[in-house]
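Two complexes come next, and they have one chain in common, chain A, joined by chain B in the first and chain C in the second.
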Partner chain A sequence: MTLRTTTRRSTLAAGAAAFAGLAMPAVLRAQPAGIKLGLIHPVTGPLAFSGNQCRIGGQMAIKDVNEAGGIKAMGGAKLEALLGDAQLKPELAASLVDQFAEAGAAGFTGCYASSLGLAATQAAAKYELPFSIDSGVADSLTSRGLANTFRLFPSASVCVNGAVDELEGLNKQAGGPVKTAVLVHENSEFGTTTANTLKEKLPGIGIKVLDVMAHATPTRDFTNVVLRIKEQKPDLVIISDYLNEYVLLIRTMVQQRVPSGIFSVFGGGFSLKFAKEQNEISEGVLDFNNWWNTKAPETAAFRKRLDAAGVATTYEVFFGYYAVKLLADAFERAGSADKKKVIPALAASTFYPDMLPYNPTKFANGQNEGAQGVGLQVQHADVKVVWPEKFADAKAVFPRAKG
Partner chain B sequence: MISLSILEAGLVNGLLTGGVYALVALGLTLIYGVLHIVNFAHGSLLMIAMFGGWMLVSWAHLDPYAALPLMVVIMFVIGWGLYAGVIGRISGGDDRRILLATLGVAIVLDNLALVLFTGDTRTIETPYQFAVVEAGPLLLSVPKLISFGVAIVLALLLWAFMALTDTGRAIRAVAREPDGARLVGIRPGRIFALSYGIGIACLGAAGCLLLPSFYVSPQVGNVFVLTAFTIVVLGGMGSFPGAVVGGLLIGVTESLGGLFLGESLGPIGISLVFILVLLFRPTGLFRAAR
Partner chain C sequence: MLRYWPILAVVAALLPFASSSQFLVNLAMLTAFSALLGQGWNIACGFGGLTSFGHAVFFGIGAYAVAIMQTRFGINPWLGLPAAAILGAAAGAVLGAAAFRAGLRGSYFALVTLAFAEVFRILANSLDITKGGLGILIPLHPSLPNFQFADRRGAYALVLVLLAVAMGIAAWLRRSRFGARLVAVRENEDAAAALGIPLVRTKTQALALSGAVTATAGVLYAQMFLYVDPNIAFGAERSVEMLLVAMIGGAGTVWGPVLGAIVLHLIQDTARMLIDTPGFAPMLYGAILLAIIAFLPNGIAGLRLPRRRSAREEVRRA
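Moving on to the complex of A and B:
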């Protein structure tokens, strides 16, 4: 048996240890609780690439906010991501909202596809939790009167109106070579809304819509669509669909020697990569889409970060990033993650996304009225902003120069 | 109103697209039709074959058709290895376990591709990617014509292999009566791995033939695999001529359905033809190799 003698030194040491032990939980208690954010995107399935890009942007924003000291008005509370894969299933997106609400999420961002966003925002509305949409364009996302849903980015109708304005301007400048168009769109909420609005607006600028062709996602072969386009001889083919179908359709148009010009509204495959790697088919293609402000000084540094991380620069990363930043700004101004304070803070938000080509932020019924799309064109294997003039870094070549 | 020239073009395009479908279905008819392995990994393995081809084209600067023999060998080895090392071991011959094992392989491969290649869409550039053969008013895609031709040749080769060689006979024997086959000295485990390997090797060819006219992404297999299962059942389980005729029939149905009903509603024609064939010929259009 070992006898222990108690000395003054050992008593002091034991006391210090006990104090430290008692003090430790108090220190831990002093850390502000983290704020959980549900990031819901299609990171597998046909929209995996774009969904992942949104998620990467959201995660970058969380990292930036946390590294800058967290939400200062809440004692430096850190943001925590709850990551959800909604594939391309609206019911799964809604179920992820339920799961994350149960796990204590204070807000959500998502969901890239409008069809997923419609289900997820509605599910979040049941809990009255704020939802910051990052890339869905359907007007109905914010026009259904859901008080919890906010979109910093433009809706489909804003972009379609912008596209029609651009088209009218370009056509007038060129002496009106475009008189007829065929619309090709994917058949879910996003493509259908876009095509319906275009069909309504184009006759107003003197362009007759000869046909509207819907197709499913995925579509394996576009030859029939292209043959029908070719038969109708439109001056312009206007496309609204997702990445794979966009590429496949344009390739088939080139192969079948369709002489019409190509203009897309939300052309899913229109990207820097498309411009560079498929220049044989992409040169001169016009698109009206979401993009970043190429003139903003912050953009170059952000793009360098993406390059360093091996992430493609696409607008989805910017949107994912700012969707989180919008929420973080609301937490900061509300001084709380309480939904009853955050939702009014979002409604009154003037948070401006510096790297996006927007007018000042003003929310009306959850939609930022300062948001807009821009006109783009592939020129010399690069994507140039050609409209509006304020943000343009090149002049549009219209009609498209023949090969 | 659809003009006659569009109708003709739609018909020819349907046949050419059907050739592509037949290519994907040929390997499946061996695996699913003859061995009755519900190979959920078929789409994922097609995706692997396409990425393999894409790497050989993009990184080793091979022509996709020159990469074809290499990809056939690589995919055979992958197929053999997967069956011998994973599916066969996990399943122990139990059909339900085989189904779960192939599903597991599909999930792993899909996610592995997402990690390695991201969800991005890739295409290759070849001098002939937009090449066409002019047949009157029709512009026939050269890569699709080649796919069509290879599908026919591959079907003939597989049929000859199954009907005329000892290994083909052994495969049929194992499929019908594994215990009896074992009694006469055939090793069913080895035959299963070999057949699975051959079925997956067909995907090596299909992948390279698809590359000049299609895109590659981690989800690309799903675009074809359900249609391939439909073709195998429609053509007759295990019948190689059935896979080709079924592929062409589905291709034409889809094409004409798209013309008459629109690209959204058009695919309903596939289901209608499938139901009609099963109603009147429940065993499929052709008798399987037995």
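Moving on to the complex of A and C:
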């Protein structure tokens, strides 16, 4: 009897031990290895603000993915950020890719500036690691045939073509008041490309380009530029500038009472802050730029989160956010962080960024063909989307009321 | 033991070849690259006492030369290396002849070099051949004949070879008559002129030599990162990097730029890797630089341990 009892207990104990033994790997499996992502941005130096905005967006996406249970197809694997400051040095961006690749990064996002992106994507290509570009607009980022590089967001040429379409549409709707334009642009890659394309395309929509004025960044006095504009009396002044020069140029135009409409493409200073805090000069200014979908229900909640965290709402946060989400979606669909599976998953991705005003996602040579910019206008100290109609939350006042 | 330190330095430079870590190789490569830039500046400014704040002009000429030659004319980038050296030397000769004939020296010459680099930056921003502000993107075709390296060890090896050549030039300057004339000019121009040293010719030759070395660094940069724009090529930051490396390490010495590059990269990269707070690493870097400049006015190479006197010296002193 004693023996039988002992045997049963022994059996139960052995069974419990066996169960525990079998269960242990399951417990271990419940804590899969994290997936490291390299987030490379210029967070110090002249582009620090925008670079930081991208980084904040990326960190928010990582937090959201992890709080929603991680990458479920990989047993709930959590994303981990490896943060890198590339300043404004391409060689540093490439070096960070090396550093993170050896730390086990499964992919990268970055780098805000195209010059950094060109060096970093190329460095990542040597490891065949996926790179999700957040905010670089140079066409060459995705036109070099790098199989590892993907951009969910629009390229410069897509945005400039969109701006020309918008101008043509608005001008037709208003009865063709704009017949002449002067282009003012900063003289680095972004401003030069934009101005060159506009100069080529504007005559095709019936707008004669009277002058093209390039200036350096930084420029701290636009009096001469504005006097030249005033002399030529264009119907429209089209600007492509970074933040400080953008605001200063418009301020000088208003002070000098230039009676032309103001339109910008990638207006660096065009923001909610510009609309609210500088309304005496910003009211009525039109811009074609990256923005968010103001009609999407998720957008309001996201903006509240940003407000609560004291983060300015700019498109860079959205781009940083979705650059990470695009990779997370690819990990999920590939069921792996293996680059050989993730890159094909990205190429076939139809991941749609709900809070951005895009058409359905379709990648061709790493570029999302559904991405686009939108037409914006400052109206009543707020920024309104005025083009295309599908995403517009206000009607454009075109051209700007003459002062 | 100290007499063997150049051998130790060479061994340390070769160690990354044994490493499979591309990151470590890249760090070593960027350090050697900084040393090469510093040595380019050191040849004219360390040995000759010229004050150049615009050496980026030679770097940019080299970078643009190789980029334009291969993207516009289809010329093999290896040929860009000697071509860039010739162009860099020519630019140095033109700048030197113009400035020194006008009797410019000291801070006036420094301002001219700064302006020269700025003029080239504006030209690169405006001309079609440099593609203006767009910059030039060199197509990615990694292969040795194409002067592109899939493995960073290849690029590192080339940087080391060019650094060795530049250091050879610096060592030759220390021993040659030309080098002696250059040092005489640096120490006292009037005295050198009184001794019959042709000031304009000597300084112009030094600037041409320096321009050639710095331009080859530009070629390397273009081939490593495959993108050149006016700010990358002619930006003031590059000029500052060159003079900092040489001055921190010890201007007018053969090993100074190497020591400077090692120390600067150690500070910069360690701070960057260990401290995540944005802006903290550059701040720390700046503070340490200030300390080095304040306490080591002759650079790290000026910090010499007491040497054991030889028997002959002891006898002489006695």
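Assorted remarks:
Following the convention adopted for this analysis, the second predicted complex is superposed on the first by the 372 of 403 C-alpha atoms of A that agree within 3 Å, B and C clash if a C-alpha of one lies under 4 Å from a C-alpha of the other, contacts with A are read in each partner's own complex, and residues count from 1 in each chain.
Criterion: contacts are C-beta pairs under 8 Å (C-beta built on N, C-alpha and C of every residue); 3 or more make two chains touch, one makes a residue touch a chain.
Since this is a predicted model, take the numbers as computed values, not measurements.
Per the definitions stated earlier, placing chain B and chain C onto a shared chain A by superposition produces a clash between them.
Once chain A of one complex is fitted onto chain A of the other, the partner contacts of A:280 are limited to chain B, with no touch recorded for chain C.
After overlaying the two complexes on the shared chain, residue contacts for A:94 are found with chain C alone; chain B is out of touch. After overlaying the two complexes on the shared chain, residue contacts for A:330 are found with neither chain B nor chain C. When both complexes are overlaid on chain A, the residue A:111 reaches neither chain B nor chain C. Using the contact criterion defined above for the overlaid structures, shared-chain residue A:48 touches chain B and also reaches chain C. In the superposition on chain A, no contact is made by A:355 with either chain B or chain C. In the superposed model, A:215 makes contact with chain B only, not with chain C.
Within the superposed three-chain model, A:227 lies in touch with chain B and out of touch with chain C [touch as defined at top].
In the superposition on chain A, A:312 contacts chain B only, with no contact to chain C. In the superposition on the C-alpha atoms of chain A, the part of chain A touched by chain B in one complex and by chain C in the other spans residues 43-44, 48, 52, 187, 214, 216. By the touch criterion given at the top, residues 21-23, 26-27, 30, 122, 125-126, 132-135, 137, 139-140, 142, 150, 152, 221, 224-227, 229-232, 272-273, 276, 278-279, 281-282 of chain C touch chain A in their complex.
Residues 43-52, 187, 213-216, 218-221, 223-225, 227-228, 231, 243-244, 247-248, 251, 254-257, 269, 273, 277-278, 280, 312 of chain A are the ones that touch chain B when the two sit in their complex. Within the complex formed with chain A, the residues of chain B that make contact are 3, 5-6, 9-10, 13, 17, 110-111, 114, 118-121, 123, 125, 129-130, 132, 139, 141, 213-215, 217-219, 222-224, 254-255, 258-259, 262-264, 267.
Across the complex, chain A meets chain C through its residues 43-44, 48, 52, 83, 85, 87, 90-91, 94-95, 98-99, 101-102, 115, 118-119, 122, 125-126, 140, 144-146, 186-193, 214, 216.
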